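Please read through the structure below; I'll follow up with questions.
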Amino acid sequence: MSTETTVNTEMTSSERLSVVASRELAGRRTVFAGIGLPTLAASLAHLTVAPRLEIVYESGVCGAHPSHLPETIADAVLITGAEAVLSMPALFGYVLQGGHIDVGFLGAAQIDKWGNLNTSVIGDWDAPKVRLPGSGGAVEVMANSREVFVVMRRHDPRSFTEKLDFCTTPGPDRALEEGVRPLGTGVTRVITELGILAREGVGEELKLVAVHPGVTVDQVRENTGWDLAVADTVETVQPPSAEELRLLREDVDPDRVYLR
Amino acid sequence: MSTETTVNTEMTSSERLSVVASRELAGRRTVFAGIGLPTLAASLAHLTVAPRLEIVYESGVCGAHPSHLPETIADAVLITGAEAVLSMPALFGYVLQGGHIDVGFLGAAQIDKWGNLNTSVIGDWDAPKVRLPGSGGAVEVMANSREVFVVMRRHDPRSFTEKLDFCTTPGPDRALEEGVRPLGTGVTRVITELGILAREGVGEELKLVAVHPGVTVDQVRENTGWDLAVADTVETVQPPSAEELRLLREDVDPDRVYLR
Amino acid sequence: MTMREAISSFVHDGDTVALEGFTHLIPTAAGHEIIRQGRRDLTVVRMTADIVVDQMLAAGCVTRLVSSFVGNSSAGSLGELRRRIEKADPEPLVFEEYSHYGMICRYLAGAQRLPFYPLRSYGGSDLSSVNDGLRKVTSPYPGPDGEPEQVYVVPPVNPDVTIIHAQRADRSGNTQIWGLTGVQAEAVYAADKAVVVVEEIVDDEVVRSDPNRTVIPAHAVDAVVACPRGAHPSFAQGYYDRDNAFYRAWSGISKDREQLQAWLKEWVYDTADHAEYVSKLGEEFWNSLAVGEALSLPVNYGRRL
Amino acid sequence: MTMREAISSFVHDGDTVALEGFTHLIPTAAGHEIIRQGRRDLTVVRMTADIVVDQMLAAGCVTRLVSSFVGNSSAGSLGELRRRIEKADPEPLVFEEYSHYGMICRYLAGAQRLPFYPLRSYGGSDLSSVNDGLRKVTSPYPGPDGEPEQVYVVPPVNPDVTIIHAQRADRSGNTQIWGLTGVQAEAVYAADKAVVVVEEIVDDEVVRSDPNRTVIPAHAVDAVVACPRGAHPSFAQGYYDRDNAFYRAWSGISKDREQLQAWLKEWVYDTADHAEYVSKLGEEFWNSLAVGEALSLPVNYGRRL
């Protein structure tokens, strides 16, 4: 497939989100990422804006050099040829809680204006309408990463909600209210199909800072379940460059496992 | 060296103590032992009264099969060919505090009637007459082994004392006084050049239960710094058998590294 | 020991059973034998409750689940688990919800016989409102600002039995795992009894050539069961790859109760043991999961001259 | 990075310096370079304070020692340490006394950024009367008898720098250790900066052929120093054996202040670096510590076909 053809293919939402997320990783050293968009973003950043970036996987793998694109965070191809494979107590205790992660990637079914996340239930916890998978390591990623990026494909009022059905994964504001000292700043970036929300740190709520080309501020407001704060200047997200798309399509995910 | 010659050599104090200690290990499964007399006793027991005995070393080695008699608990010959080598957090946390040690061996500069031990100082801790090495893992061996054997070469009133200069390693009686629940029963056997003191468990003090041939009860009393309790029947320790000595000299320590 | 003997000796009705293996080396064959033997009223402890847990739920073995992730990996939902929790259908499931590190710390406390284990999670989480196990302790040392500092703690878990899958062990139970080693050692040390299921039992010399590879020493193991391919549909690094197609299929199978029960009948109840399950899958199937060679370079442990 | 650069960049007057290695892989050469560079007012943290600590004390580098065993292995006493503690000669030494597991738990707390770490030691010990670091916490869960349960805790240690010795690392700092691995990983993760001294720096392929052998990943390491035989008189499994004769000799050397100072002059101050120390010991000497071959059998990590 020639470069020409690749770039001319119509861009998918996954590609757009991966490229936008990758740029936010500029200069970072360690990222804690699940499989899918976060890995694509991190792999692309490694080739562009963060050459020293290391992806740490929840399964215990550090410094992976996979022969194929991994399908899970525990894929055998991540282990063979890796620089280190740690036990879970070491990974969660020394690496994550020990403060060695610059950026943690998380997803969620619901997010609120403080960056608190719900991945447990829709409805009541005791008798839920939908039982979701739960925390996994999300509670720890939020509490201990220096900052957290959230990638949400869907941007609608049910996902971006005034009040979570259940707070699985609290940001530092909620932790501090309870007298527990968090180690990180919580969610600093939320990247969606409409744009980018950002938050500087404790005491601040998420604010719209950028929209994708063709998206209006009002559209984002309408699709957000709380009264969304908007930055004085809302940037328009620079579309993925030909080079970014080429790297993503030819080097990062040539078999289009995740770019479908 | 023929068996005949070996056995006819005059018995040393080390040999006597090793043999006596080995018999006390009958049927045990795991022993936490330092190098020297405890290892000799455990190795002999493995060949006689405790065929399933495994020595666990403070350095992290389990199931050693050394090519030469080890000179330290961390000797390279203990590692090569061992069944497992554990990190120190695993050894102390999972194996020892986890309750997997049947018998721990300890030594001390001073012992009292409850089996509390001093290995820190002679004199005041702040300005000691003699600074001793300190606990090492002794505090943990005492707190967590099912029972503890103490081997004391010297049996005199300064070592067997009414009041320790400093209690480095408390038995369970002292722990309970402070409201901390111990997991083991503390010292159950003290083997010396004069005989054997024994203690059944919490609330009991050490009692003379056996003397070596030629030693009188009064001799032991005189050499003990507290008013020593004596069992109703004081046994005479069976002298090492020809077979025990042969195994010790030919199989366990043929180069007489510790049997000098 | 055979799997049948091991499950029959070490897993009893009403027991708390930990099954560990984080995506890698999941003890599926042991779960299936628990189903075959019709165990009831189990409390299952497993960080990532996935397909094997859904199967045990569907077989009616489990009344209580302790977990930090209840989903079919990244491939979808667990149908039976969702019916049990969302609709108490066919019966309720008691669920204790933790995060991954919360579970890890419970095993750490259990393995170390500690009354609790502290961790820097849960501040502000609703999890503590639905899980009485999450409590707080005030540190006896001043915090960074000089004020008293609070931290969450979790209680130990001490399963009646922990079952894990591993690549190999010797006859006495010295167990070697490579690739992802997860929380297996802690889960074994936390348990009263431990069953290790392995791809192969090897000679003592193999284990002793590399003692650092031994993740669990013999003194912590009560039974060793040889059960090749017993981790399917998960994988065993260096032995066979993950059956991703089955993971994807499970969402569909489990969504429909009848289909799930038919699957259980065909693959569990109607197979005498895991060997039959393996041969029923067929040689061609296993060839599709075969892996090539990538050998570790040896290290020198040294020999006294 | 050379040892000189590493010590000069990462060890400063007044720092808290952890030197770990339990009998195996003791970072002696790093200690000697600290002496050469004349560091002052250090707090040294080391479970087994042995010969290298006695040497650093004698060179006047250390004002505070945190340790759980202060002796010359099983070979005798540390002369300088005893003079400092027993007679404040030539000056006092502040000594924080712990047990081994207490030290391990301090590293565990440090590595995990915990405010404290609980352990089942110290109940009834006089150590808590001389060490304010040993405190108690009441468990928020009832004890086995239903009553509240108390347990001792230790505070974290977070050294300014941890220095360890290892068999090998790659250029970016992925560090592999075999044989006794001790508490090295925890000591490194607990520290603000970490220096890893190795017998050899190896190609990336060597490390990556066996990722489970990596005890410390690159992200935790700030400097890698190649310094063959830098653990003498301790040993490096598979590289050279322990110099037991020197351990036995040290009690005599250190008993006499003049003899000790003469030893320091000859072997530390008058050698430019560890390479000179090694060559001064001579080839014949090193041959006497040489070890033979006992290679680990390889394992298969597998390759996707």
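Just so it is clear, A, B, C and D label the chains in written order, and each chain counts residues from 1 on its own.
By definition in this document, a residue touches a chain if its C-beta (ideal position, glycine included) is under 8 Å from a C-beta of that chain, and two chains touch if they have at least 3 such contacts.
Bear in mind the structure is a predicted one, so any value in this text is a computation, not a measurement.
Contact with subunit B and subunit D alike is made by C.
In terms of their C-alpha centroids, the spacing between subunit A and subunit D amounts to 39 Å.
The distance from the centre of subunit C to the centre of subunit D, with each centre set as the mean of the Cα atoms, comes to 36 Å.
With centres defined as mean CA coordinates, subunit B is found 57 Å away from subunit A. Among all residues of subunit B, those that touch two or more other chains are 61, 76, 79-81, 85, 93, 97, 144, 183. Looking at subunit D, one finds that residues 108, 112-114, 119-120, 136, 143, 149, 151, 179, 181, 185-186, 209, 212, 237, 241, 291, 294, 301-304 touch two or more other chains. Contact topology of the protein chains: irregular, matching none of line, ring, star or complete.
All chain pairs that touch, listed by label, are A-C, A-D, B-C, B-D, C-D.
Contacts from subunit C toward subunit A in the complex involve residues 22-24, 48, 67-71, 73-74, 81-82, 85-86, 97-102, 104, 108, 119-127, 130, 136, 143-144, 149-152, 179-183, 185-186, 235, 237, 241-242, 244, 291, 294. Listed in rising order, the residues of subunit D touching subunit A in the complex are 108, 111-114, 170, 172, 174, 185-186, 189, 204, 207-209, 211-212, 214, 216-220, 301-304.
Partner subunit D is touched in their complex by these residues of subunit B: 34-36, 58-61, 71-76, 79-81, 85, 87-89, 92-93, 96-97, 116, 120, 125-140, 143-144, 166-171, 173-183.
Every residue of subunit D that touches subunit C in the complex is listed here, in rising order: 112-120, 135-137, 139-141, 143, 149, 151, 153, 155, 167, 176, 178-179, 181, 206, 209-210, 212-213, 237-239, 241, 290-305. Interface of subunit A with subunit D (complex): residues 29-30, 54, 56, 61-63, 65, 67-68, 76-77, 79-86, 90, 93-95, 97-100, 144, 183.
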